[in-house]
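Per-chain residue numbering starts at 1, and chain names A, B, C, D, E and F are given in the order in which the chains are listed.
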Amino acid sequence: MVRASGRKADETREIKIIPNYLAYAEGSCMISFGKTKILCAATIEDKIPAFLKGSGYGWISAEYSLLPRATQTRSDREAVRGKQSGRTQEIQRLIGRSLRASLDLATFGERQLKVDCDVIQADGGTRTASICGACVAVGLAIRKMQFKHNPFKHLVGAISCGIINDRVVIDLDYMEDSQAQVDANFVMVDTGELVEVQATGEKGVFTDDQLAEMICCARRGVQQIFKLQKDILLQ
Amino acid sequence: MVRASGRKADETREIKIIPNYLAYAEGSCMISFGKTKILCAATIEDKIPAFLKGSGYGWISAEYSLLPRATQTRSDREAVRGKQSGRTQEIQRLIGRSLRASLDLATFGERQLKVDCDVIQADGGTRTASICGACVAVGLAIRKMQFKHNPFKHLVGAISCGIINDRVVIDLDYMEDSQAQVDANFVMVDTGELVEVQATGEKGVFTDDQLAEMICCARRGVQQIFKLQKDILLQ
Amino acid sequence: MVRASGRKADETREIKIIPNYLAYAEGSCMISFGKTKILCAATIEDKIPAFLKGSGYGWISAEYSLLPRATQTRSDREAVRGKQSGRTQEIQRLIGRSLRASLDLATFGERQLKVDCDVIQADGGTRTASICGACVAVGLAIRKMQFKHNPFKHLVGAISCGIINDRVVIDLDYMEDSQAQVDANFVMVDTGELVEVQATGEKGVFTDDQLAEMICCARRGVQQIFKLQKDILLQ
Amino acid sequence: MVRASGRKADETREIKIIPNYLAYAEGSCMISFGKTKILCAATIEDKIPAFLKGSGYGWISAEYSLLPRATQTRSDREAVRGKQSGRTQEIQRLIGRSLRASLDLATFGERQLKVDCDVIQADGGTRTASICGACVAVGLAIRKMQFKHNPFKHLVGAISCGIINDRVVIDLDYMEDSQAQVDANFVMVDTGELVEVQATGEKGVFTDDQLAEMICCARRGVQQIFKLQKDILLQ
Amino acid sequence: MVRASGRKADETREIKIIPNYLAYAEGSCMISFGKTKILCAATIEDKIPAFLKGSGYGWISAEYSLLPRATQTRSDREAVRGKQSGRTQEIQRLIGRSLRASLDLATFGERQLKVDCDVIQADGGTRTASICGACVAVGLAIRKMQFKHNPFKHLVGAISCGIINDRVVIDLDYMEDSQAQVDANFVMVDTGELVEVQATGEKGVFTDDQLAEMICCARRGVQQIFKLQKDILLQ
Amino acid sequence: MVRASGRKADETREIKIIPNYLAYAEGSCMISFGKTKILCAATIEDKIPAFLKGSGYGWISAEYSLLPRATQTRSDREAVRGKQSGRTQEIQRLIGRSLRASLDLATFGERQLKVDCDVIQADGGTRTASICGACVAVGLAIRKMQFKHNPFKHLVGAISCGIINDRVVIDLDYMEDSQAQVDANFVMVDTGELVEVQATGEKGVFTDDQLAEMICCARRGVQQIFKLQKDILLQ
């Protein structure tokens, strides 16, 4: 099978991460997967959600937004429509859950990390790229705080997978995404275990074997992301 | 391991489906998994979403809501707060996607099936129970329309799984749900294939083997649901 | 005159009340008037409205909602539209006011009773049925609290009346409701006095005599409701 | 009994109506009952609600609003809070229903009359005063249209009543209103029949006789309003 | 050049201010510029915005609204649409800023003056007329408080200017406003200095000289307003 | 006087414009004034506002938004709060008006240009920088359309001015902005004429001479912007 881009089935697009992209955020980066481009900014705040007050635990949450002209045709601004779409909320909940695997919230203190993922340009895979970039922004923000016991536990990486013409491919661009029978996202930690699996038969169903194959393929692809994250965070 | 309820790891709660619970809906049922109780109602409308106009294709979507006193403590009414929560939207998107596996939208005509899943009582597993009940409501509504070529393709069933103390269990109640390390939902068709997999490491990560074990366990549990659905829809 | 249902002018539909319908609510019931079916749930909360803080007084309020497929054709969900309609707000204000006649708020303590009336199926008379069911839910919730001095003062019952072809009838179903010249709702306590009178000349005007006749007719009908309420609350 | 104002039980405050208060509205007036002061403006539009399209029938509806400083202490602006309160919606629905008794909607054509009632100053009785003023605004707007067959059927008048210290009084000011055991509003046409009755036992219950006494008292009070309306509309 | 109204280029419409128009507001007036008519009401509240708590400083803000039938054709009520328009917010921010030049907020104490400007009738120039009237309402409210050291520093006046057919005119009515190439508003204090300048080339651009000419012309026009304000506030 | 940055009174920060920053927008650029950084994207759509339908005229409008972490401390996302702030709406109205001076809307056809200005980083002067960048995005989009008669009339530039310690300075950064007595924004076309003047005495008043001095100073500063715009648009 030949992908339109000429990529092999398990080949990702070029991935780049520019750390400290913003002057004011506690941690930030611009991450790109080919044409997909996301600005991730981490903020540390002292106020935490009501359900954690007095618990000693910290919290991480995320917000996600698509700039109106990130996409091929302009999409309406959610602030103008007066609410975030279901898709936006689903994605920001996923990013938040994924990041909670990166930190030991028990030793983070009663603080909240908020990560803003603003999609500058969207060519498929924005939710997984957001997770990868957000992890870097979190790591940079944590480093700046100089904890005695570093609460940062795990790198968290994510990648999309899909089945097109019954073949598993990774890191789908927008065109591929719209053709896929099955669409999946995998979030993993750097020890190789899974944090989140989401697989949907958009235009068909899938077998256990196909799911297993997608996971394998994703696991290989995520290695590159961990390498880029380490180059920035462990330097 | 002993579950608080005395159930075995792969034992579901008592599942009941009362078909045609409502007088006016084209199809409806009340489904219960133990104390969890959901009213599912299918409506067939002639207007479809703008992106399908003129395509000849039909559409299915779902709405989900928790009655304020479905839960142990009262939760605010979304109509009063002025918007649906992220959780609500995520769930209704999942139900809609799952149901799209049940129908051949190409032969359904330019119609829309809307399924309302209103949770009367919530004791865990409301999203999977909603999918199971919604499939029955859809089947009953389709039957009433007397299509020449029946567009109903597949029964769709769903069940929750989780990992508690490193053991896989299915059909978690609310108490178990709040203790689980990993929380998963599996949607399948009656041929055994997967429609949707969602697995989250709420309090930890998980391995490929654990995911595979959960899928096996879920597949056994879903059989009961298919049996109940068939008893109603094929009678 | 013959009513389509064969009922006599002062004959109600079959009225049933299933107490303790819900597992978690402090008090609850499912009430039905023929096909009209409403789930009423009472919650006791410690926080009261700002204007009562420090007064020693308690409060009762109600919320009302129609499930989307309670009606013959589906109505939009208010949580999706982003606000409660004027009709909904008018009804829940009426239910709240009516219930305030049932309790001695001075001895109830700085607590709030919230009653949720969710219409499962609507065939006319949902606001009066809600009041009748809500009173039972309140009574059951109060009983559970074991007050030294019972603050429950009065049973509150309500019934709709109308004028069709110049004849007074009670407990109109949806079809009758849409034909009525005059549409009225009467709320009474078990001593026979009036709590609220609402009469509207939807398609015409009415005389003092007609109003008096409607009140008489309603008072007879409400007796049955008081009997059902007593059977549950005084057992 | 002496009322704080020195008024007799069945004595209204001074009522004044200034017709054509606005330069642009099709019909308008400023109506005052003592310190209560309301600007009523009628607009005739060609578009009607969807449910009437093609029916040949017209429609009347009303909107009601309290200017922030109409009241003794400032109340928040509903446009700032982002929605109309339940009280506002209840009142504007009442005004609309009442006005529908004034016009023959079958001969009015597929048009809509919208009446805006903006409370400049509020000292009790704003909903009944709104109805009285709105009727004048409607009458003036109708006159300007020069119908062949005048669709204006009836003058509509309204007045508030209440029971204070077990005595019936009419046209309560704000102070009286907050003390009343029973609070009622009566809407009538100039032939003496009733259009709408709303009576609420705010702090107690009431008997049939008390209701009848309130209606009598209101009917006398409304005569003055009909006189003022006639002076303007029949000149 | 002849203006449609017969006014000279630097001639304002008839300006009238009726002080103490409302019974309850701390300060109020009805101001009119020809057919433009605005009700201004000042309220003094003890709570101030969060950013000023503990600062010892006071605050002034304004709200602005157009009654639906202030205009030639009815405009929708912002409370019904659920939000204030951009135009409304822009105007109320301008009024608030302008009024801050009138008071010494350092000696006003931790209080907030809120000024409501409700446009009863709109024939152009509503924002400048609002500023002129609001200043009177503020002055009257301040006088009632009997400060030891009067915090009222300056009269604030405002007037609109425009360029029509390359000629500068002041106090444009609605018709002129819609023809103007350039539309400007000037806010000044009674010592002659500028508080705010807003000039927009709606249908063209303008030169420094034209701007200077508009300022001169506006300064002459504002003198009349200061005279009327003084007559009321210094009496 | 020495500015904290060492800049001279009439010296701007370093201004850079990266054209075609986005892959999908019809025209786009990233513009920076020192640390202030704004992404401008122009979209051409076929639907125009209702008031222009059938007129033959086109339209330009703008939307503006601050990314949450553009600022020193995180600001809430407007899509989460559910509405755009007054400040946001005021700015996007200003940008839209300013851009209307750049195009001949009569020859542009019944099309709409929407320009999105998303502030990536904010250090003062975001509204004027947005105008400068938006003009480039518009110019690039127009060029791509290959009009027979180019509707692009004028370059539009803008710069902020202020008075600090009684001295006029231009292009204030955030720190200077918060100290300024007077805050002004000037929008001009490349022929030197004014499109919009906004000057506000935030902490004091100002004279005609000071206004004139600010305009002169701004006119010199805007020359640099026109030069950068020309280098991109006329190449």
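We take it that a contact is a pair of C-beta atoms (placed from the backbone, for glycine too) under 8 Å apart; a residue touches a chain by one contact, two chains touch by 3 or more.
The structure presented is a predicted model; accordingly, all values stated were derived computationally and were not measured.
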| item | value |
| --- | --- |
| Shortest walk length in steps over touching chains, subunit C through to subunit E | 2 |
| Contact distance in steps, from subunit A to subunit D | 3 |
| Numbering shared by both copies at the subunit B-subunit A contact, with half separating same from different | same |
| Cα-centroid distance, subunit D relative to subunit E, in whole angstrom | 33 |
| Geometric centre distance via CA averages, subunit D-subunit B, whole Å | 51 |
| Shared interface positions of subunit D, touching two or more other chains | 82-84 |
| Contacting residues of subunit C [partner subunit B, same complex] | 22-25, 28, 35, 39, 41, 43, 45, 63, 65, 67-74, 77-84, 88, 114, 116, 118, 120-121, 123 |
| Residues of subunit A touching subunit B in the complex | 83-87, 89-90, 92-93, 97, 101, 184, 189, 191, 193-202, 205-208, 211-212, 215 |
